[in-house]
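Alright, structures below, take your time with them.
Here chain A shows up in two complexes: once beside chain B, once beside chain C.
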Partner chain A sequence: MSNRLINWFRFASPHTFYPLAGKMIPWFWTLAAVFGAAGLWLSFFVAPTDATQGEGYRIIFIHVPTSWMSMFIYMVMAGWAAMGLSLNARLSSMMAQALAPTGALMAFLSLWTGAFWGKPMWGTWWVWDARLTSELILFFLYLGFMSLQASIDDPRRADKAGAIVALVGVINVPIIYFSVKWWNTLHQGASVSINKSPSMAATMLWGMLLMALCLWMYSIAIALTRVRAIILEREAHTEWVKHLKEVSP
Partner chain B sequence: MNAMWAIVRRDLLMVMRRKSEVLTALFFFVIVSSLFPLGIGPEPALLRKIAPGVLWVGALLATMLGLQRMFAADHADGTLEQMAISPTPLVWLVVGKVAAHWLVSGLPLVLMAPVLGIQFDLDTGALGVLMLALLLGTPLLSLIGAIGAALTLGVRGGGVLLSLLVLPLYVPALIFGAGAVESHISGLGAGGHLSLLAALLIMAALFAPWAATAALRIALE
Partner chain C sequence: MNWNSPAEFFAMGGYALYVWGSFGVCALAFLAEPFLIRKRHIDIVRTLRRQVSAEKLEMEHK
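Entry: the complex of A and B
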């Protein structure tokens, strides 16, 4: 047991994690490509045309997984940030920093595809639906996290300040979601709801799950690539970085 | 505790020496709220409908104005560091700062709101609910804002960054605060909204000072 623990903690150092991440990245890219190909094939060629929504519904195969990922990445990011804050582990904070842009991208894609889906289905690009609104606020939280980190020069201070923002955000995400939900039900202008969708065909569900796995693998691959860049940037003064093949001239 | 009251007294005294700061936030609130009828039109029915939202958004922005100054002056002249190394826990001093901020930029808004509400043709009951909602909501704004103010201390472009960080977190306060007045006007009763606002206030009072203290320690490192 203790042996395993030591092995795990060994990779908490940027020096040991950098080559490990380098080895893992191609695997995650491959998995992302496989899941993506299978998911796209299933969702565009196999899944039946929806009776009420026509072909346009296929956008949910991108939309739903990006929404899931945007929320999930925020949780993971906050988890890494908390670990970085409490254990004072540099690599954890770097992971949080590396995840933020991907999370923001997912939130943006989710909003964008949602607008494209809403136009033919609801006849409008945007409704003040509870989910849309809270997704928008989640996007703002990502932007706040990234701009706070970007505007602090000292990386360690940026890590810690960012961690506090991420943690405060994590407490607030459910509050914001429920407040927006109640607000929406009280106003109830356009009575649209994503909940009332008819029971989904099994192939649709599989398509969605495969796309979610694809985005998951993509997020891991891209976050690892980014964390490698962050490691190089921050550890540029160390000996091991200077001796790396890709750095030395 | 004594140190906390001392901080409150000191901050209020300093504000009294430079009265323009209190008045700026208050006048901002008055002017912003008065601009809306000019932009939207003077129909009383429409004004009554938008009043809660407009007054609450005005209050949010007016509290934002003073936030940046909450710790900035003390940070600049080193007082904050002395506070951090004093035997009193820093969190009490933060509570004192937040209380002073609320007394300076929250309470005047609460007292001014009914006057502005009359401009929007609200009746007496709605004005009462508006005041009560602001009374519960503005301390919440000061508490959440303290976290943002501490995080952006001495940071490039702090003011804009502060609003980016804090305004999304203000959403629940805005929804329940404006919702209370709205549901009172529509006859549903404001109890539920006010209770939720009070619950948020209690939660923020428990957690926000700690988060702000942690952020201050990071800024002082």
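Entry: the complex of A and C
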């Protein structure tokens, strides 16, 4: 039996990662579509009406997944940025750069859907509650990371400056997560521990999990697509890019 | 099944604005983002092609 080791470092070069990412993207789109269809079906047709919030609670199925993803993408982005900083790996920094706009979008959608949920239930689009405020700071951290990188011409210096901002901002993620415990806020506690009748909690939980999986797969597909464009932009001077089939047919 | 008619589904028990306002904007965002990245990819490939053919022309005229 051959026990050959895959040389993972081979894929750490943009040259080898570019075609690999291209092959992976359709698979993640397929998974996103499957999870999304199942999640939406559960969210709208299986999960029963809520006793207190009526049909309005169905916003949970998009609000919670976008909020989770906004925090999770930030952690992954900071991880890639740290790797780019410590190992001086171009591709890691490009991955961080590719994740930032999607993370910002998730943070925005979390705030947007939260406002559309807060209006009918709390009677206000926005309050300066600990969780809402820390999520808004997360959104600004993404924007800060992106605009700082965009403002520095030398890409490697931009990577380093961005990585430091990303790493400092990591402190905000546990603050968001635990804000509902640490402060007495208007925002309700963690969704996954809702104590209602077991059958209800199960379909609601599955709806949320499937929607979160859908957004997870979507984010991977998007980040890989974006990193391919970033690779071409940043490696434009290299021979391998000039010899790509799509560039010189 | 929660709904007796499509109209009831779209009415969302009176929360139509909030439920569809949330899901609608998310759907738009998740459609727009891949489209914009696709455009970014096409733009850079076009620039690179132009660069490569310019280099080829230069070589031929030397």
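Details
Here is the rule we use: the second predicted complex is superposed on the first by the 212 of 249 C-alpha atoms of A that agree within 3 Å, B and C clash if a C-alpha of one lies under 4 Å from a C-alpha of the other, contacts with A are read in each partner's own complex, and residues count from 1 in each chain.
Assume a contact is a pair of C-beta atoms (placed from the backbone, for glycine too) under 8 Å apart; a residue touches a chain by one contact, two chains touch by 3 or more.
Please read these numbers as outputs of a predicted model, since none were measured by experiment.
Look at A:62: by the touch rule set out above, it reaches chain C but stays clear of chain B.
Once the two complexes are overlaid on the shared chain, A:148 sits against chain B while remaining clear of chain C. When the two complexes are overlaid, the chain among chain B and chain C that reaches more residues of chain A is C. Once the two complexes are laid over each other on the shared chain, residue contacts for A:165 go to chain B alone; chain C is not touched. When the two structures are aligned on the shared chain, A:96 is found in touch with neither chain B nor chain C.
On chain A, the positions that touch chain B within their shared complex are 137, 140-141, 143-144, 147-148, 151-153, 156-157, 160-161, 164-165, 167-169, 171-172, 175-176, 179-180, 182-183, 186. Chain A makes touch with chain C in their complex at residues 44-45, 48-49, 54-56, 58-59, 62-63, 66, 101-102, 105, 108-109, 112-113, 116-117, 119-120, 218, 221-222, 225-226, 228-229, 232-233, 236, 241-242, 244, 246-248. Those residues of chain B that touch chain A in the complex are listed here as 147, 151-152, 155-158, 161, 164-165, 167-169, 171-172, 175-176, 179, 182-183, 196, 200, 207, 211, 214-215, 218-219, 221. Taken together, the chain C residues at the contact with chain A in this complex read 1-3, 9, 12-15, 17-19, 21-23, 25-26, 29-30, 33-34, 37-38, 40-41, 44-45, 47-49, 51-52, 55.
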